[in-house]
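Structures given as structure tokens follow.
Two complexes are shown next, each including chain A; its partner changes from chain B in the first to chain C in the second.
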Partner chain A sequence: MNGVLAVLLLVAQQPGAPPGRVAASLTRLFGPGARVDTLRVDSFTVMRVSRADSLLGFAAVGNVPGKDQPITFLVAVDPADRLRDVDILVYREPYGGEVAYEAWRRQFRGKGTGDSLRVGREIRSISGATISVHAVTLGVRRLLAQLTAWHQSGAIQ
Partner chain B sequence: MAKAGCKWALGLALLSVVPRVCAAQERTTLGGYGEVHYSNPTGPSTPPVVNLARFVVYLAHSFDARLALRSELEVEDAKVEGGAAGGEVSLEQAYLDYRLSDGLTIRTGLVLPPVGIINETHEPPTFNGVDRPGFDHDVIPTTWREIGIGAVGTMPGGGGLVYRVYLVNGLRAAGFSDAEGIRGGRQEGRQASFANPSITGRLEWARPGWKVGGSFWYGGTADTNTAVGTGSFGAPVTLLAVDARHDVGAFALRGVLAGISVSDAQAINAAYGQSVGSRIAGGYIEVACNVLRALAPASSQKVDAFVRHERYDTQADVPVGVTRDRALARRITTLGLTYKPTWNTAFKGDYQLVRNAAGAGEHDVLSFGVGYQF
Partner chain C sequence: MTVTWRTVPATLRTLARWTMIVQVVGYTTSLVFVWHTTRLTPPGIASRYRGANPEAVEGAMQFPKSFAEMLTITHTHLLSMAVIFVITGIGVALCERMGERWKRLLVAEPFAALLVSFAAMWLMRYGDARFAWLLEASSSVLAVTFYVQSYLILRELRRAAA
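So, the complex of A and B:
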């Protein structure tokens, strides 16, 4: 419980993203027509995605501070707790918007909590977007760990 | 009674909604960067110098989800004193961003012309070498900032192109010089003449490990001096630049090329008694290797060994009446190390070979420095 609280403090879900953006992101990641149920773990919202009674995965929205604005992103995992993809839902910074590019985000696909996600190694950086690259990588690592821990403990299923 | 209950309920509703909205949107952020230098040029009459080159406070405030202020207040050389040389307190940038969509943000205020690499990305941990490249002083006059309005955003179509374009106040030819080109012509937001509105912009393409950009500046420089030029675009200056940054494995490469045409250099020289070149050109290439990657593969720290070679000439072409000073055709080679315990702190050391085509006043410089950003 203490562990969960500590993690909750690290990934803030406010500010949120427009519901349309979240829906579009889930459609892109899991295909059209998937069923989305909202689960609550303490005050945290996790989306459970399924189709015809089979679990497709989980997704959650998180925020990390960029240089002066929060970056709102979505992390989606499959039932084996592997990253399906990362989406940048709202980007508010003056520079560094390249973290929303598919070419950068796809570096996260298939990674699990056992994989190392370090900028400059597994995750290539982008010049001029250093702050955002570090911020989003850190945020994804934390949210992935959070979702995986909850899934393995049965808090989400 | 019912009325009072209604008010009470409304009050509760406001209480529960307003703080969340404020917390989510209106916020003030503090940041900063700075650098301290030690430099020791060879030669008997040039003792080593230590200097707190820059101390910059970054202050940002978002008024709502779309509107934000961003500013950098800088103290150069640690101290400003009346009558004493050196030292400067100035705003490096101060602008409002109004974000309409991913594709369009309106930016207005004191902005950085988006030319080359260093002018916009100038925090010390982002570049190798204690001091910025000489090219980014004498050719692209960093930190270059002027007042204006413009648009920035991502180009539609998902091709990964980012643009920035601004209409700003112009340069003033009265400040141009032979050795530092257009540098002295910057107005930097201080009671700037808007007699010569100028345009500047950049198109940039990025991928993980890649960034390639092209940038320009075009505008008149005559101000109110009709002997130099007339009209909004009198005595125009045209700057074109390309830059590229590439990271692969332990290696990081970067290069910049720029050319500046000073169309009425002859009239400018006649009016102000200068020897300004009609063409200013040059560039540099730099290769860095993170040696820690081989020595300590698990470490997230970096030790970049680098070499940079700059070649530039502020009198690449001269107008009638000026004899080229070959000492202005400079070649600077810098060898050094940058130790980065974190990605946003840097301890630097380098050795520079400062040469020129005339072989005049050639010297070496040993430098050490620290820098940070947050």
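So, the complex of A and C:
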């Protein structure tokens, strides 16, 4: 089931992001000093973030195709499967990098799988970055669904 | 011997006629695109280049254009529009129903307006948003000149073919 889900979701984890950038992103999202354990679910890598005995959430890196190049992003969820934030780890296109701006990313915070997360509804587009906006929004929606499904099934805990 | 539309081969007139028709369609499409993105108003143009407070506006967010984007917009538009006005300039130069001074003015004016427009675009982006008014004015002059040139050329071609 999970294997089929992973194929259907089509959020590739390659190409990856520089480890330093992932670490910096996790520090920003969960605070410094958090413990990060790597979990393997099917062919996917999920990061479990905790401090002392307390679970802070999960994070995963994904890729979506932009206009010509993949966009590498990180999705972090809290223990209630709500989005903590989204980070653009590597943006390779010459235009459309505004999807990394805080003003756009913060629209995702607190959202769960019950939210539509569609451009033009809950997510506003960006003038001049339409393709990237749609790509990242779709990628976040799929990765959020994947993390939530794994968490609720006990595949990650 | 003076070369005019009347003296050039009919095949060249056909080429010129269809080139002008396609250019008019292309230029009009670009104006529709600009209307769609800026509503052709100075505040809309300024927001497009300088960005706008996401909380203060509805619809798509607008962020300031980067230096690289500004360079790309400038060189692609400046060079391609220069080619358009070289074509229409040759078309105007071959017209025989216009005075020499008017022809020279119509040929030179778009190039001056192009330089003013793109200078205004940079000044608006990095200087003062009010340069959007200068950009709007010079771009309007540019568009009007293009349509006047196109009308005069097509009229001349029709008469030369008669």
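Here, the second predicted complex is superposed on the first by the 149 of 157 C-alpha atoms of A that agree within 3 Å, B and C clash if a C-alpha of one lies under 4 Å from a C-alpha of the other, contacts with A are read in each partner's own complex, and residues count from 1 in each chain.
Rule of thumb we're sticking to: a contact is a pair of C-beta atoms (placed from the backbone, for glycine too) under 8 Å apart; a residue touches a chain by one contact, two chains touch by 3 or more.
Remember, it's a predicted structure, so these values are computed and weren't measured experimentally.
Student: With chain A superposed, do chain B and chain C clash or fit?
Tutor: After superposition on chain A, chain B vs chain C: clash.
Student: Just to be sure I read the superposition right, which of the two partners does A:Q14 touch: chain B = first, chain C = second, or both, or neither?
Tutor: first
Student: Identify the partner contact of A:Y101: answer first if only chain B is touched, second if only chain C is, both if each is, neither if none is.
Tutor: A:Y101: touches chain B and chain C.
Student: Does chain B (first) or chain C (second) touch A:G31, or do both, or does neither?
Tutor: neither
Student: State whether A:K67 touches chain B only (first), chain C only (second), both chains, or neither.
Tutor: In the superposed model, A:K67 contacts chain B only, not chain C.
Student: Contact-wise, after the overlay, does A:R124 reach chain B, chain C, both or neither (first, second, both, neither)?
Tutor: A:R124 contacts both chain B and chain C.
Student: Which partner does A:R92 contact after superposing on A: first (chain B), second (chain C), both, neither?
Tutor: So A:R92 only meets chain B here.
Student: Between chain B and chain C, whom does A:G110 touch in the aligned arrangement: first, second, both, or neither?
Tutor: neither
Student: Going by the touch definition up top, name the partner, chain B or chain C, that contacts more of chain A.
Tutor: Looking at chain A, the partner in contact with more of its residues is B.
Student: Could you list which residues of chain A make contact with chain B in one structure and with chain C in the other?
Tutor: The answer is residues 94-95, 97-98, 101, 103-104, 124-128, 130 of chain A.
Student: Across the complex, what residues on chain C touch chain A?
Tutor: The contact residues of chain C facing chain A are 37, 48, 54, 59-63, 65-66, 68-69, 72.
Student: Can you tell me which positions in chain A touch chain B when the two form their complex?
Tutor: 14-16, 67-69, 91-92, 94-95, 97-98, 100-104, 107, 118-120, 123-130, 134
Student: How about chain A: which of its residues touch chain C in the complex?
Tutor: 94-95, 97-98, 101, 103-104, 124-128, 130
Student: Would you mind writing out the residues of chain B in touch with chain A in their complex?
Tutor: Going through chain B, the ones touching chain A are 20, 23-25, 29, 31, 58, 60, 62, 65, 68, 70, 97, 99, 102, 105, 107, 117, 120-121, 126, 152, 154, 158, 160, 162, 204, 206-211, 245, 247, 254, 290, 300, 302, 343.
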